[in-house]
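I have placed the structure first, in the form of structure tokens, so that the comments after it can refer back to it.
As written, the chain order gives the labels A, B, C and D, with residue 1 at the start of each chain.
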Amino acid sequence: MSERIKPLLGHRLFWPIAVLVVMLAANTIYRPGFLSIEMNNGHLYGTPIDILRLSAPLILVALGMTLVISTGGIDLSVGSICAISGAIACLHISEAADQNSFVTVSTALAMALGVALVLGAWNGVLVSVIGIQPIIATLILMVAGRGLAQLITEGQIITINSGPYRAIGLGHFLTLPLAIFIALGAALLVAAFTRRTALGMIIESVGGNREASRLAGIRSGRIVFLVYVASAACAAIAGFMMTANVSSADGNAAGLWVELDAILAVVIGGTALAGGRFYLSGTILGALIIQTLTTTVYAMNISPQTALLFKAVVVIAVCLIQAPAFRAKFNRRKRGTPPPPASSPQRQKEEVTA
Amino acid sequence: MSSTSLTTGPSWARLPRRHVPVLATLALLLVMYAIGVSQYRAFSNVQVIFNVFIDNGFLLVVAVGMTFVILTGGIDLSVGSVVAMTAMVSAWLLQAGLPALLVLVIALLIGPTLGFLMGCAIHFFDIQPFIVTLAGMFFARGMCTFISDSSIRITDGFWTTMAQHRIGNPGGNFVSVSVLIAFAVVLVGAYVLAYTRLGRNVYAIGGNPQSALLMGLPVGRTRIAVYTISGLCSAIGGILLSFYTLSGAPLIGIGMELDVIAAVVIGGTVLTGGSGYVFGTVLGVLVLGVIQTLITFDGSLNSWWTKIVIGGLLFAFILLQRLIGIRYK
Amino acid sequence: GNSDTGSDGAGDDGKLVLGFSQVGAESGWRTANTVSIQEAAGEAGIELKFDDAQQKQENQIRAIRNYIQQKVDVIAFSPVVESGWDTVLKEAKDAGIPVILTDRAVDSADKSLYKTFLGSDFVKEGRLSGEWLVEEKKAATGDVNIVELQGTTGSAPANDRKKGFGEAIAADPKLKIIASQSGDFTRAGGKQVMEQFLRAHPKIDVLFAHNDDMGLGALEAITAAGKVPGQDITIITIDAVKDGMQALADGKFNFIAECSPLLGPQLMDLAKKVHAGEEVPPRIETEETTFTQEQAKEALPNRKY
Amino acid sequence: MTDSRPVLTMTGISKSFPGVRALHNVDFRLFPGEVHALMGENGAGKSTLIKVLTGVYGIDEGTITLGDEQVAFNGPMQAASAGVSTVYQEVNLCPNLSVAENIFIGREPRRLGAVRWGEVRRRARELLTRLDLDIDVTAPVASFSLAVQQMVAIARAIDVQARVLILDEPTSSLDAGEVAQLFRIMRQLRDEGIAILFVTHFLDQVYGIADRITVLRNGTLVGEYPTAELPQLALVEKMIGKELDVLERIEEQPRRELAALEGGTPFVEVSDLGRKGAVAPFSLTIHAGEVVGLAGLLGSGRTEVARLLFGADRADRGQVAVNGDTTGLRNPVQAIDHGIGFCSENRRAEGIIADLSVRENMILAMQAARGWLRPIPRRRQDELVDKYIKALSIRPPNPDVPVRNLSGGNQQKVLLARWLITEPRLLILDEPTRGIDIGAKAEIQKLVVQLSDGGMAVLFISAELEEVLRLSHKIAVMRDREMVAHLSNDDTVDADRVMQTIASGTQREGGQS
């Protein structure tokens, strides 16, 4: 390996990007037009654009999830929150006289976002104040929230016909889908909030060692509360996108299992589930990888019966390639150096002994 | 100065404190049962309790395996799919005409093999359990639809007997064979955790993996073992499920992993590992079972209200459990 | 707990008690089905014990067991899957409680375990769609490229509709399914899959969607791709929910095979008959029809769901 | 010393971590029946040598011979089964398991595969009695102080029939009595022919027990010497590589006089503060510029006092007045707002955030006090971090390595820096010199004097009575979780008298009550 490539190979994002490139390449070989982008009524149009647009909601949810996971928590309720926020917004719009009115749409969004924030606060209180384990605390809302969403829609699919709302999912801006900009904006916002301020470091510190952070004067509880609220807000916006994308709110299907995808994206991106350091750019790549995987299944016309097997293989391949231990073993075979420690210190969280 | 207030208390007073969360859970469960009895007349039938066990036998077995995994601080998302895959494979092989015993052996080998492989990936390549077992989940579910995209009936004599044999008073109250198998698994699980080296290593790794390594414990072997055990329990659960439904269906058990994890955690096991009991897990499964039974008995809840009420009951239960736990800390 | 204290046995007040276990609330269709049953029970003076199984067979079996404990008069349920009911149905039979299946059948060999089946025939729905297509494309020259949006992989409606449709179009070798993928019965799924179909296959003549929702999702993809749904691409769906009928009336869909959720009144009649010990036919199909664009325009004003 | 053949030989050992060469061509020999001290500054590579030996890390180069065989252990388990028993530097126990279990896990007495719990408890009790420790062996180790945990870890190691016993800084959190007890057992084991490798930063202990000394500096071998032939001063010179008169400087430290600081409002006035089950109500005043020492035996409740004062634990009675205003110090945030800082004794659980870099660990407390919205500008960070890396000679001097990669002593210095950066008015130091090499220890002591001269109040807790006596203006004595005496540190006070007070618990009023 030349000295030039080495730092590149060592970069955290190298392998996720490599995986993404390989998947895109495989698709292009299967269907040469896969990567082509064309101009159509002033909009860019093509599979890569589809992937970006479709991954936007997942990116949003995963951004919030990254923060939650960084504190050592997990948020299973995001899917339900997507469904609830989408349902509230669509319900409000569908009942309005003029669905295209900008005011109606803004009110709908504000209402839905408000409710989502309340739900996030509920999760936050359960975890940080009452001290319930995050997975169970958010499981409550995962189950009940789906019911709430269906209560709002009364089990029906609410179809709306609102230009401004539709734009959230399908509108264009500078020839690109608006959804991409919204996701990008959210990513930049989260990045600014965490990396331009000290918030990111404080979140990582709480996730790394909550007691030590408390003794250093950090209000750990407040931070934990905050990340759940942030996660809910992200999920709400994702919910708008999902429902706007099909101009209808489906209390049952909207955001179903998105929590698993989001967690997967976060973990592929390099953030450990045990908490601590988080990587927003990695998360975004993870979301893109997952969406590309789904699109690949459709584009290569892999039969639904075997689609899951294909997914399993790709997920495990992605993770193996990324695992430093795997690469170390692989390299060792080539160079014959002695084995690394049986377990890398990176994963093992420093535990509280006293 | 008074120093009387400073005594920590004798050792016997400290010991049960560890059991307080489990005892609180038990008490709350009894309260919930009492509420059911006071509200619905037929709830007091003994058979209702038996039914909770009959209907949750496979869940219980899977939850025992999950308890091992969670005690080490890991997680196994593949259980629901492995259960489905085991049932599916059994049904498929039986349909192909293989003898029941052979099918049983094959079906019971698949789960642990997959678990072992996942454990190896987790240990040797240092990949997070969440991802590895998620891939395992995709794989096992994919195998289900791959084998057949519609459900396969089981007509084998052995299976039918196991499914329909009633132990107890045939006309009156009874349990199924599966319940006895589930109890056996629970007892073995509890024994292994409390009295064998493997069991104690599981707790040690959950307490602090790095320390466990430096204390010279076989961390890798144990880690692989728990995923294998969880795979085995899922396989047994899958067999029980195939007794229960006398078929293999590709979509069965979707989301079961969440129920199982919830049961384990409600039973007092800490998700970060190191503390919890199989007995608590049994209680956790019963809590979920009783909640479901309460809702069915009510019979007036709309589809979405069902979900909201399940969430609400879960919340009330966990809140009380937590508050009692804090009080006694 | 409410009025149940006095009524969880066989109607103390003389009312017939029907225990009904529903699959879940996974679609608008299912909700309409639930509502129909609840309303019909009220009108027929039957006390309904309703349970939502959230798409889990375990929950349904549990519910049936509890109905047996509560000694309801009649048990009805829409099975989540076809197989696996023998054990619990035997228990019901031993307890002397008659069972009615709705919407989906079970594959039990022992037909005495349930009194009757009330519901639609998914294979027939697929077949009707296929037959219409064969008729429609009779005059076409050259291959007719069909893409299929399947329902949830492994689910009975998806399997049966695919089967029925496949059988019907086998009559004409011009008709070719060039791609078939699962859209999970949802609009978002239908749309996403259709987008890829459109990218991969420049010439698509027909879309067959296993339900209206996926078809409605696909509509958006087709429009966005600059094609005219209903003209450039012939669209066939199943269900006939309101939004689907609207699309049909608007000329965006071309054909819908109905799958009616309104089983309530028929179910209540059956429950009464079964309870009274009357003979009922072993299989009753709901009255269902098919709609073309013109028929949809007429029918739309009086659709209930 | 027996001059038979060495039981353990390490030759030409090298080990590098990304960016750091921790060991370079190091030779080491260990003979049966000797206590061999491994000496060196923080970060010299002592712990790394031990971890390489026991297979926690792979070696880059070199060979290890145990007995007659060349070995390459793949982990502590293999090492232990080959007869190498180790207590690593950071206490490594499973916090959730009981004391008895921690001692025996992995080699529990069994019958038919089943662990005999009664036997485990009985033998654990026996073993701890040998170490003079009387505790409830069924309680989880996490409920005990660090010192007790250290003893438990030692108990675990000496129970095995080992050829080689390795103790990496076992005495850092033990008090004099405990150390004496440990030494008795070490001598006993040595006389049985066991080879003991011993790491410590206490020179007295080295000269008290070691037969031979190997000195490492910056990852390289300086030499191997019989203890008798290496005077203390020479040892220190070899360790730090400079002819520094550190020792003299320490000796020269003036005995702190209770300056005319009394009078005026004390900075902190504690009255009747207490917490049920932790520490009996106590009163204490601390003036600006005063160093108050807390003396007491292991588990006497010194840490508890510190935690109450800092609001880390909630007091259930009593009051604290800061600058004359009665306030509740109910949580660390409030304490920090009032200018109090607390450097915990348990750096792994309550101190460092292992994932974060040295820089982030250092500025954490200051950042927390400013609030997350106002990040400390990068330039200011660099200034502060560089200043303290230099002042405390933290190695490696790179602020951006994760703090987990630092040696134990350097981690401790990072923690100290974290609090110094906040410029507190009262700094509570709980065992700040634990695991710190002699040069750095002198630096820290000097620092405490400087800080107090500059008007900062310090509450100083240390297991080393000498240190407490040297630095404090006054000393509060703890016994059985009760504050039994306040001594003014004048000429009448010496180690013996403090020991007496600790032992007898007599109330001897010092400068104030």
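Criterion: contacts are C-beta pairs under 8 Å (C-beta built on N, C-alpha and C of every residue); 3 or more make two chains touch, one makes a residue touch a chain.
Given the structure is predicted, the values throughout are model-derived calculations rather than measurements.
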Identify the chains adjacent to both chain C and chain D in the sense defined at the top.
A, B
More C-beta contacts across A-D or across A-C?
A-D
What whole-Å value do you get for the distance between chain B and chain D if each is reduced to the mean of its CA atoms?
44
In whole angstrom, how far does the Cα centroid of chain B sit from the Cα centroid of chain C?
34
For chain C, give me the residues that contact two or more of the other chains.
25, 31, 34, 153
At least two partner chains per residue is the criterion; list those residues in chain A.
150, 155, 304-305, 307, 342, 345, 350-351, 353
List, in ascending order, every residue of chain D touching at least 2 other chains.
56, 75, 93, 95
Here the pairs of chains that touch are A-B, A-C, A-D, B-C, B-D
Please output the residues of chain B touching chain A within their complex, sorted ascending.
121, 123-128, 130-132, 134-139, 141-143, 145-146, 149, 207-211, 213, 219-220, 258, 261-262, 265-266, 270-271, 303-312, 314-315, 318-319, 322-323, 326
In the complex, the residues of chain D that touch chain B are 56, 75-77, 79-81, 86, 88, 92-97, 101-102, 105-106, 108, 110, 113-115, 136, 138-139, 156, 276-281, 480-482
Mind listing the chain A positions that touch chain B in their complex?
76, 130-137, 139-151, 155, 251, 260, 263-264, 267-268, 272-273, 304-313, 315-316, 319-320, 322-326, 329, 342-348, 350-351, 353
Which of the residues in chain C end up touching chain A in this complex?
25-28, 30-32, 34-35, 150, 153, 179-182, 184-189, 191-193, 195-197, 199-200, 213, 216-217, 220, 224, 226, 243
Contact footprint of chain C on chain A as seen in their complex:
31, 33-34, 40-41, 46-47, 50, 54, 150, 154-157, 159, 170, 242, 245-248, 250, 252-254, 294-295, 297-299, 301, 303-305, 307
